[in-house]
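To keep things simple, chains are lettered A, B, C and D as they appear, and every chain counts its residues starting from 1.
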Amino acid sequence: MTTAAVPKARSRGDYAKIIGLIFGVLVLIGIIYGYITNPVTTTAVLASTLRQSTPLVLGALCGLIGERSGVINIGIEGQMLMAAFIAFLANVYTGNLFVAVLAGFATGAVLGAFLAFMSVTLKMDQIIGGTVINILALGLTSFFYQTGLTTQGKMQPIPLGPLADIPLIGPIFFDNPPITYTTLILVMLVHYVLFYTRWGLRTRAVGEHPSAADTVGINVFKIRYINVIIGGGIAGLAGAYLTLEAVGSFERAMTNGRGFVALAVMIFGKYTPFGAWGAALLFGFATALQTQLQFAGQLEIPHQFIGMLPYLLTIIVLAGFVGRTRVPSAVGKPYEKE
Amino acid sequence: GGAAEQAPAEEEAPAEEAAAEEEAPAEEAAEEAAAEEEAPAEEASADEGDCSSEEVFCVGLVTDVGEIDDKSFNQSAWEGVQIASEAGAQVDYIETGDAKDYTANIELFAQNGYDVIVTVGFALGEATAQAAATYPDIDFIGVDQFQGETIPNLTGLLFPEDQAGFMAGALAAQLSESGTIAAVLGTDLVPPVVAFKEGYEAGALYMNPDINLISTYHPGGLDVAFTDPEWGASTAKQAIDQGADVVFGAGGKTGNGALIEVAGNEGVFCIGVDSDQWETVPEAHSCLVSSAMKLITPGVGELIGMSNAGEFPGGNFIGDVGLAPFHDFDSEVSDEIKSSLDEINAGLMDGTIETGYNPG
Amino acid sequence: MTTQTDSKANISQWLMVFWRSAAVPLVAVILALLVGAIILLISGANPLAAYSALAKGAFGTPIAFGRTLEKATPLILGGLAVAFAFKGGLFNIGGQGQLLVGAIVAAAVGFGIDGLPFIIHMPLALLVGSLAGAVYGAIPGALKAYTGAHEVITTIMLNFIAINLTDFMANGPWKDEGIVARTPAIAEAAAIPTWGNIPIGFFFAVVAALATWYLLYRTTIGYEIRTVGFNSNAAKYAGIGVSYTIILTMAISGFLAGMGGAIETLGVVGRYQPGFNAGLGFDGITIALLARTNPIGVIPAALLVGAMQAGSSQMQFDANVPFQIIDVIQALILFFVSADMIVRWIIRVKPEEGEQVTLSTSWG
Amino acid sequence: MNKTNRPIVLEAKGLTKRFPGVLANDNINLKLHQGEILAFLGENGAGKSTLMNMLYGLYTPTEGEIWIKGEKVEMSNPGDAIDRGVGMVHQHFQLVPVMTVAENVMLGSEITSGGGRLNMRKAIQNVRDLSEQYGLAVDPTAVIEDLPVGTQQRVEIIKALYRHADILILDEPTAVLTPQEANELFRIMNDLTAQNVSIIFITHKLKEVLSVADRIGVLRSGQMVGTAMPEDSTETSLAELMVGRNVILQVEKSPSKPKEPVLQIQNLHVRDDRGHASVEGVDLEVRAGEIVGIAGVEGNGQRELVEALTGLRHADSGKIIIDGREITHFNPRQITELGVAHIPEDREKHGLVMPYTLSDNMVLNKYFKAPYAKGVIMHHDKIDQNGQVLVKEYDVRPPNIHALAQNLSGGNKQKVIVAREFSTPTKLLVAAQPTRGIDVGSIEFIHKQIVAQRDQNVAVLVVSAELDEVLGLADRIAVMFDGRIVKILSAAEATRERVGLLMAGSEA
């Protein structure tokens, strides 16, 4: 009896996938066409796409590791900013970029621990916890930052030998600075850990149904703490990316809302690493594209409208193809043992 | 006031010591103290003096939204004020956190009997004009504030940024081998930025009519347009990737981001803006061939001097603009380029060369 | 037993209730100031000088007090916008965008029309501005109701779009003559006056807070909004139009934010000028959380933060303490107010039944 | 037979559990012998789950000792209990809905192949073996949320067996099971005891206790009020022991006097959430003054049918007529306004707003009407009066209209809903699983109310997986199978056996 229904059962979700697929194919064709007609620009735009997406992907990974275990993290912005600042100072005073990256990671992790303390131990509302971190980071970094500190430069791209010479692909994927490579690896690593390992299974269980996990002897609090801390570290990496790889110096409030965009990217990507990566690339592409359109200067459209491109595109794709995102059931709820 | 009690506290934390310390918060803190207080440090000496009295000459500065140490116009103006403090004036500044506080911040100085008040940025124009009307005995200096009608105790310090931009453009066009040059800009909500851009493009075309110009404004609002170095950097990279070999960074910290990015790319030049950024952005030394300067510091210093001497002009006062020294690149910039720049400079002065920029 | 003892009992009860509701915030603020003082000491500044200057700048003179109220006004409305959406189970991060739209549209009505009497022009500009905010807020509502697009994403994106939109208008169609990007000044008749040093706009905000409370807890609309917020399945079962309610909630939320922007334009700035409303909408989130999404609680929360913002210049001038410190103190206050566990443990006050709020429900 | 001579595997000495304000368990002693089935009875909120949660290391006792297999144990979390061979199937299933059976089973004791990588193949194999060994018929790769509750129940048991539990605690396992599923469960329980597994079994259903238990313990408001042997107990004696008063277990009702048809369903087709046809051409009529019961194994379209009737789900085709008006495409509000009361199947999901007070919950179906509201203005004094009256009339505990629904026991939650739905003038009452998970006392009460409605000429449609309930209440019984009504019987011709067969799909 059910079989009869199946064809008609093809719901919005299904053909949204199909449209999404078509959309993807069109993008691909567009890229190839662009590459044939104007290789230099196309490569430039795509390279910029990856670059713009990097802090967003890292931020989104931070968010989803936490939320998969049931803890909302809207403090990504603050974690990034504080980490960017400390990484910058470490770079200034040690001059060792590796140490600086570690400092950034550690800073993010510490703020992660603070968030976990607030939302797991104090059972504070998780949205408040994240907001506290955002304001605190903004205040402290602006208060303690002073100019005149100069770094010993920033991380430079490391071409991966022959790979870097592959046309189109090479310059985009295989000629990047370290944190960008790390990001690409992290996307795959997080995906693997989340869906193929014991830790991932427990994390998802805790995020969906903590008492079920508890009743089989899993320590819900421990899992949440560790996830949120590691997530914080990854957000810290995003901060380090800003000061050590993208810019090479720090400025007050330099995250400029990227933490929040990362949040959007995470939900957009349906709480999956590759989804988030895709969403971030889409956003980065739109940003690079709007710059390119201004470069070209041909269009008569006022640049503010070109500037809207990334945000409009996000909304359209979200409303049109992605639709409702299933949020981990236990997210936002402190776990009460008794 | 508070600064006096504080003076000792600062002495205990000189910057060098602090730099030596390792343990993070303490060190930041000490550094902060040292840096924060360079103003009151001087102030402390003259602080006993009460500004409303005849003997004591007090100069206050109100920044535009942002910090005093912005490596940009706030900082340049403040340095101008400090010239006066070397001449014995008592100086202090207030950083504006919220645009709606302009008036209140100006009032703070006015109420305390300051003799000269410097306000930085076109955005303070309205508030400054009102204050000037309310306090006829105080001289006001409005950086980047065009004066429609003349108020005797208010002088707008203006700069023909388009001319500085024109020179920068001419330089860029001649340095470029690829025939593509770029500009990474703040936002067109700020008139001087527009002037720099228009001038830059005109100057480049003047030198090489078929030069390929790629320039872009930051897509965000005023609150981010000048404080987004990452956008500046990735935009510069995007320009370099498609052949630009000279990049003009004109947009506060956003522009600085672009300069630092260029520095990492072999054989690409960068040009700074406002002040000689050789001083403010050392990270960019490897590419910074020059800067399109508007000499705020001397301009402010000069006007304060005039006020002190009782010869305050009022109306609009046009400050100097020009290119910063080439520093390490002096050898790389050929003599014919230099001479052509001199000609252009002369032409702009006597008006035989027009930048073509005229604000509405 | 006599009425005497009754009234006694009532008073002591009343005091108890007051203590219960006020104790935690009070102690939280004190703790926050203490920690702030430590940071100030580390930075080599003098906390006492700083705080007394802060207080002076916030309450020292009638003018100062007026500015505190002026600062609190958009914070109240921004806070209400966020709090209201939370009640409907929605997280409106878009207050900033809705506020900007409200501000510029109010300006347009303010300078666009002239010859109207004050009694019509000012209210009209205020209303149209607020409605513009409502429309802008309704967009993410509709997107959520009909496509399921998560409002956290759409409101963030719409904030950016609003900035581009307003910048374009202020630097294009609605640009004042001269080189500065801003709209012309609004007509006299459109301006919200001040009463002595007291900005009338503040009273509008207070009325809005009371109205919001009444709407939420005394009307069927509020009952429906809260029901959808808590359990949309039960709402459907009860015959409530869930989609419609979601859109309505976001529209009202946007209306409040838009009103905040409109009052800024008509009562403070006198025109729309890019950059003059930066960050107001985001402060709204802090306020709403400080008030635990209670519409009435929003008022004291906004006054507290407003006072700190108003006093920050004086603090710089007298004590040479950079204004960024107030962000730090705000964060600490929010922390201690919310980490009431800690505070209650210190002062031994038990929480009341059903006191806890869970904003995070607005996530799933 | 008596197994009290066997070794004691689990013993509680003076166990006490205090919650803020509540003494949930008060000095409880119990002994569980190897291979026996010890049943626990008690009203909602009597303390059964609390006691079990302590034995399972989920709650830490306020006082008292727990001995397992001769040694005194201090358990800080369920892990400790699991290590000692204790397994528990919780009243509210502890399964992750979005995960597969295998994932749920191995969760916490995962099979990994180096580097923490999950070995799904092995896990799936293990689950297969277990379900074959105990005849549990579970597909390891199925996703939990797609499974009927009965199967989920078996997954919970596999979870315990997978952990080699030889002491098994079952907290209200049959509350959500159909008779067939329940009997299946009892067979499994017997197999297990035959293999020396000891079982504690909690239920509200006295029949079951008498048929499977070796010994019976009864809790009342936190105290052990007595133990009994099934052979010398009757349903009535147990009910009395449990509630503390004598309870009438059979529904007392006069023969029905059906009048004009109120509800007419014609060739109705409805899809389920996944878009699969679920109700396929149902025709049914309910008249004023009669109770029609729909019997059927869960998942045969009853839920979709009820949701279509009440406007929560839209019908593909066919007609629904109430009181002569076609309402097929009406929304829930329009339908309620016609005088339709609805006791929803899932009280927590549809029936109540948990963070609301009782009085707010009790106007969910009429908050917008006078006297509770005039225009958009609500009148809370009226709303509270309404609450007061209903709380008293329906004996909701605690009788505090300002208490939050989330702190009520299931029994009392259900009473709140019943009170609300019965308090408006009604033409048609649709009651889905009206007594699920509720103690005999409350059941008796709710059944009385339903019959009372009928006697006031309300047309009543009762949907229940509880065969006894349908048989006890209904004047006519419609058996639903595979989305269709396979037969309609009069109360007289409906015997347990006959209906049971029809439910199983075999034409009788």
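Convention: a contact is a pair of C-beta atoms (placed from the backbone, for glycine too) under 8 Å apart; a residue touches a chain by one contact, two chains touch by 3 or more.
Keep in mind it's a predicted model, so treat the numbers as computed, not measured.
With contact taken as defined at the outset, chain B and chain C are each touched by A.
Taken together, chain A and chain B share the touching chains C. By number of C-beta pairs in contact, A-C leads over the other of A-C and C-D.
Seen from the C-alpha centroid of chain D, the farthest chain centroid is that of B. Rounded to whole angstrom, the centroid-to-centroid distance between chain A and chain C, based on C-alpha atoms, equals 29 Å.
Rounded to a whole number, the gap between the C-alpha centres of chain A and chain D is 44 angstrom. Between chain B and chain D, the centres computed from C-alpha atoms are 74 Å apart. Shown for chain D are the residues in touch with two or more other chains, of which there are none. Shared interface positions of chain C, i.e. residues touching 2 or more other chains, are given as 43, 160, 164, 167, 171, 322, 324.
Residues of chain B in contact with at least two other chains: 25, 29, 32, 36, 67, 188, 219-220. Screening every pair of chains for touch gives A-B, A-C, A-D, B-C, C-D.
Of all residues in chain A, those touching chain D in their complex are 1-2, 4-6, 8-11, 196-199, 201-202, 204-205, 208-209, 211-219, 329, 337-338. Remark: chain D residues 19, 56, 58-59, 77-80, 82, 88, 90, 94-99, 103-104, 107-110, 112, 115-118, 159, 163, 271, 274-277, 280, 482-483 touch chain A in the complex. Chain C meets chain D in the complex at residues 218-221, 223, 227, 230-231, 233-234, 236-241, 353-354. Residues 1-3, 5-6, 9-10, 12-13, 25-26, 29-30, 32-33, 36-37, 39-40, 65, 67, 92, 94-101, 104-105, 108, 112, 122-123, 125, 146, 148, 187-191, 219-223, 359-360 of chain B are the ones that touch chain C when the two sit in their complex.
Listed in rising order, the residues of chain C touching chain A in the complex are 39, 43, 91, 93, 143, 147-150, 152-154, 156-158, 160-161, 164-165, 167-168, 171-172, 285-286, 289, 322, 324-332, 334-335, 338-339, 341-342, 357-364.
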